[in-house]
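Order of writing sets the chain letters: A, B, C, D and E. Residues in each chain are counted from 1.
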Amino acid sequence: MIVRRNLSWRGILHYTWKSLLYYLLLAVAVYLAHDHYQVAYLSMPFNTVTIFSTALAIFLGFKSNNAYERWWEGRKIWGLLVNYSRAWTRQVITMMIPEIEADAPAVKELQRRMVYRHIAFVHALRVFLRIKHAYNETDQEEIYEEANRYSDIQAFLLEDEFQAFYHKNNPPNFLLELQGEDLQQAFKRGWLSDYRFVKLEDTLVEFNNIQGMSERIKNTPFPRQYSFFSRVFVFIHATLLPFAFVSELGFATIPVSVVISFVFLALDLVGERTEDPFENRLEDVPLTALSLTIETNIKEQWGDEDFPVKQTTQEGIVL
Amino acid sequence: MIVRRNLSWRGILHYTWKSLLYYLLLAVAVYLAHDHYQVAYLSMPFNTVTIFSTALAIFLGFKSNNAYERWWEGRKIWGLLVNYSRAWTRQVITMMIPEIEADAPAVKELQRRMVYRHIAFVHALRVFLRIKHAYNETDQEEIYEEANRYSDIQAFLLEDEFQAFYHKNNPPNFLLELQGEDLQQAFKRGWLSDYRFVKLEDTLVEFNNIQGMSERIKNTPFPRQYSFFSRVFVFIHATLLPFAFVSELGFATIPVSVVISFVFLALDLVGERTEDPFENRLEDVPLTALSLTIETNIKEQWGDEDFPVKQTTQEGIVL
Amino acid sequence: MIVRRNLSWRGILHYTWKSLLYYLLLAVAVYLAHDHYQVAYLSMPFNTVTIFSTALAIFLGFKSNNAYERWWEGRKIWGLLVNYSRAWTRQVITMMIPEIEADAPAVKELQRRMVYRHIAFVHALRVFLRIKHAYNETDQEEIYEEANRYSDIQAFLLEDEFQAFYHKNNPPNFLLELQGEDLQQAFKRGWLSDYRFVKLEDTLVEFNNIQGMSERIKNTPFPRQYSFFSRVFVFIHATLLPFAFVSELGFATIPVSVVISFVFLALDLVGERTEDPFENRLEDVPLTALSLTIETNIKEQWGDEDFPVKQTTQEGIVL
Amino acid sequence: MIVRRNLSWRGILHYTWKSLLYYLLLAVAVYLAHDHYQVAYLSMPFNTVTIFSTALAIFLGFKSNNAYERWWEGRKIWGLLVNYSRAWTRQVITMMIPEIEADAPAVKELQRRMVYRHIAFVHALRVFLRIKHAYNETDQEEIYEEANRYSDIQAFLLEDEFQAFYHKNNPPNFLLELQGEDLQQAFKRGWLSDYRFVKLEDTLVEFNNIQGMSERIKNTPFPRQYSFFSRVFVFIHATLLPFAFVSELGFATIPVSVVISFVFLALDLVGERTEDPFENRLEDVPLTALSLTIETNIKEQWGDEDFPVKQTTQEGIVL
Amino acid sequence: MIVRRNLSWRGILHYTWKSLLYYLLLAVAVYLAHDHYQVAYLSMPFNTVTIFSTALAIFLGFKSNNAYERWWEGRKIWGLLVNYSRAWTRQVITMMIPEIEADAPAVKELQRRMVYRHIAFVHALRVFLRIKHAYNETDQEEIYEEANRYSDIQAFLLEDEFQAFYHKNNPPNFLLELQGEDLQQAFKRGWLSDYRFVKLEDTLVEFNNIQGMSERIKNTPFPRQYSFFSRVFVFIHATLLPFAFVSELGFATIPVSVVISFVFLALDLVGERTEDPFENRLEDVPLTALSLTIETNIKEQWGDEDFPVKQTTQEGIVL
């Protein structure tokens, strides 16, 4: 996530230079052909492009909107994870109550295991979500968060749990299964009443929902039929522009058509970069920062003080 | 669902060639009549079409948006099915507890039946939703998922249950009824407390909701009055275009009016193809892939390892 | 609800012929006055109308969108009724449990009464919603569902219940009151535990919500200030069009201005017809079909087989 | 709320005559100056205004939409009040059960008090919401509901409760507090189990939410920065129009610019009048009618028959 | 939050004068160069800018809409805080019941502590949210609420609680932790049943959600890629305008291009100022006023009468 107010033009060029070069060369070519070699039929009245532009602007508006919706939904889901992580920690601490005094240390130990396993769940979900799909590859060099490995989780799990976890098809779901089994144990030993058992299980269902909603956004691209056509239409539009401008604008065709084409390109690209919030890149929902916030909150609630330190990859960027 | 970033132009032509041919022939005819046979009154000032184009663009924007909403809602519903399937499996495993040790194998057996019956429910819902409505027929040849038969479900049910299931008016709902009756049995035998009985029944209500919401989208087309008029207006618009272009563009009328008409056609068609997410075709919400994910997750939670294998119909397509 | 893909032009004319006739006569008059009688000041530059057209298109887009939202919300509410009807039936069957064997027949009888009374509730709500408001009268002849009388409900209620029901101010709400009282009876006799009593009462609250949400849409028209102005603006716009076209288009003014005016009229009318989903007419949410689906599902769950037969009023229409 | 299909032009003039007069005088002045006194530089090419018009139309579309959203949310909230009032009444009647027969009359009396106190809550909330904020004053004469005084509530409360109620900072909230205390009493006497106590308290939380959501809309105007600029832009736009029209339209400038300005003014005003749904004026959500519906429903459920009579202020208007 | 209906032009100039000066100087320069020094190629046909304007208007519409959504969501969240604060107070008062009469004073004392600690939570959340992020700094002088310090909270907490609170990483969350621990104590002493314990804990989860949702909006700026480009496009657009106007409008270029540029600037700025609702500035959601309302409501419910006094910073402004 970018937090500084201005983007760097260098960064923008990094993503757009190929298209800009095409716009420039085309405009120069059309201008030379029309004005210097007098190829008159290269010109086309401006009105021709207007209706296309309006339709395209509306379509890009639709796309921007839905790209933002996806991103914001991703952020909301992780907001829920923040909220319920705090609630889970409090509930584990206050609702698991030893029936006899002698059980107190065992209860404490179980609580600790469940609270730390939840930190593991949060980090595991982050790592799980940021694994790249081959089909999302764009051959673009990206800024990314390097610390994204399951080994980050090892410290929060028992060793055998970590080994089992590591080989699962769906590792985060496995951790929720373990939490459920520990709840059953606590219930059987009388540390949870029937009712409090179900209450804590309800909170686990929230985590199921949070995980599943994140997976939905991760695994379902914005329908390709929409993004493909928006890309194609921006290209066609940019290709028509210099022909529409050349007879009226002369030399000014070159800067003006490049600028206008850039506007439409930017609208398209901004959507394209925002629509997938879990790709481990610049515009991501900041999963690493959020995970560390959760870790800090949970440790503070539990009474530990070895808070993790957030690292900054680059100025004005939070990953 | 299409996951590769680019559509194939061959595929696009497959759906649009009839319209494109019409646009081409019309443009050629108008051009010849106007320029070669000098039928001057065939031309019409460009402005005439502009207001129509804006209104049409807005209307198509509205349609694209709602088509996408329907599709995304379909995906969300099946996301819920993923989440609650995992939760159901965990709840059946951790909340059904034998009162006496001797009951343990019977409880285990009942848990297994209920967990597998849920896999059956998921596949049954997929098959049920992908049965085609006669009124949605378009005489278009489609890419579809062949493995869509109730017999896929047989392995997850007892034989007599499957026979009864097969002849029901609403087979998936019948499976939920069976789950409810098994919960009652477990309650009567003391394996579920009053409170946990109701908790599991609550999860069944979630499945009622998931099934019913899917049926709602399946059985309620986007209001025909909207899609009919969008189709008609795109046709009228395309028909007016060459007349508006011919006097100013001359020969260029032919490519330009075909391209612009194609843009509006594409906007309409993209909506048309996206609005029904359960039609067993290319743009579907990928029910088969999702069902197999759920089957895998459930089996992993239960401890089985015979995970199903996802088959790829065509590169870049997930069904 | 219209399910066939194409509307009939005859039907469209049925709703629009008066306006179309006005457009035609006006265009002819303007054309004759301008071209034959040379009343030059009747013409007006085209640009004048453009800004009006854009504003109108946006306003109609807003209206179409909200009309569809209302309709779709109506459909969603009845979707909830489908889901919770299935859940209610299952819950009544599995959660009401005789304390002693001797009570079994009485429990069975009570269950039957409550399940059938729910069918009565569904049909009653349909009839209740489809009663017309005087202020919604348009003097338009409509296709409607004739079988819409409270007497349809008689078979599902005890005779004295039906008599009381019939004279109530709010008949469907009376049925929910009866259900609540029967739950209390079951609780007092020990067939429901405290907890299951409340669970079933919760499901009744869902029905309160479903009924109330339906009434909200039924009794609150889309704000008249919006629909009145959209109607007026479409009229003004159509009235200005021929003046704007006549000097540039000549004879073509007549077809072109009628077509463009029709486009805006259609956008307005499509919204107008869609915004009220419970009016017992062509574009309704198909309450009759949905009620019969629910009746069938409930009977199947209860074990009866005398499923109702859906009748088709007209091809491609579901009411 | 207006229910008749057409607004009266007299009413429309009541709200717009000042602006219309300004438009008229301006257009006449510009026309005279330009055509009679030949002040040529008063004219301005039409295109200049076009881009402004499009931006304004989009901005007004945004405003219309959100004004309607606010109004519709207000209506939804009061719809919830209808639903939960019915549910509350049923729950009080069926869930409060005397432990011994001798308590039956006392239980009945408590139920009656709580049911009637809820009627008081509904009316109190209506009166509370319709008190005007000084900052919303527009110096416009309005049609309003006169029967809007706390004394309407007296009949539904005990005398001392009413006195206390009357002097509270937040009177409706005080009634919910009383309901909660009566629930506690019922619980202490054994008429409510632990579980049913909490269930009824849950319903009170719904009323907290309903009240709070209504207050949110009432006390938070649509951000003034938006509505101020829409008003200013409509004014600037109308001021530019005659200059843009005058050279091409001549005398027709006068009617055409007044009509077009009126269209934009109407779009703005319709939003302005709709955005605040609890102002005791023509376009309000019909709180009085809804309160009386709730009173009728509750009395019918309780078995009383002295239903209140709805009064009509003016034809086609429901307040 | 601004409640008076009109903004002051002085305030508007405060935020826009730099841009307006640029527009003015540019327009004057272009006008002089073109008309006095005859630099003909400085002019550009108006149509060139039209398509840019439409795209920009749509993009700004999108931005306005989402800025308002963020602001309104912030207001909704604090509305929830109002509702659940009232509910919490009632629940603490009615649901915590001494088992034996002798406990009554201790229960009362605990209730008081929990009710007042909740007031502390509300104020703490306000202070916590209004701490500024360095990256949101704009070097703009702002009107703000000065009374925004944690010391405001001291009166509502025990002294040692306040000290601990003050040094926490996340102070409001710490207060919820304390509430949870007090609930556990009440449960252990028998003042809460198992079921009522969980019910009150549920209300704490609501506060977790309210806090977390507020933090989400606070810590996640509207994606910078959107706001950066909208700012840049408004600048480019304003820069092109005088070139497009100069040949047709002559001297009028100066006022007209400044006015039109101002319209687009205002649309952009209104969004920019609205999108962050917790910045302690003019357009904020009025957290201070809301906190004081909650404090008043809670004290009224508890029976205290030392209501806080709301202070007005400036006329027509609520902070």
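As a working rule, a residue touches a chain if its C-beta (ideal position, glycine included) is under 8 Å from a C-beta of that chain, and two chains touch if they have at least 3 such contacts.
Nothing here was measured: the structure is a model prediction, and the numbers come from that model.
Common neighbours of chain A and chain D under the contact rule above are E. With each centre defined as the average position of its C-alpha atoms, the distance from chain A to chain C rounds to 39 Å.
One simple way to say how far apart two chains are is to compare their mean CA positions; for chain D and chain E this gives 24 Å.
Contact of a single residue of chain A with at least two other chains is seen at positions 47, 50, 54, 56, 58, 61, 195. Ring order of the chains (start at chain C, first neighbour chain D): C, D, E, A, B. Within the complex, the chain A residues that touch chain B are 41, 44-45, 47-48, 50-52, 54-56, 58-59, 61-62, 66, 133, 135-136, 138, 168-170, 173-174, 176-177, 180-181, 183-184, 187-188, 194-195, 197-198, 201, 204-205, 208-209, 211-213, 215-216, 220-221, 223-229, 233, 236, 240.
Residue ranges on chain E touching chain D, taken from their complex, read 1-7, 46-47, 49-50, 53-54, 56-58, 60-61, 64-65, 68, 71, 75-76, 79-80, 82-84, 86-87, 90-91, 93-95, 97, 193, 195-196, 199, 245, 248-252, 256, 259-260, 263-264, 266-267, 270, 273-274, 283, 296-297, 300-301, 307, 316.
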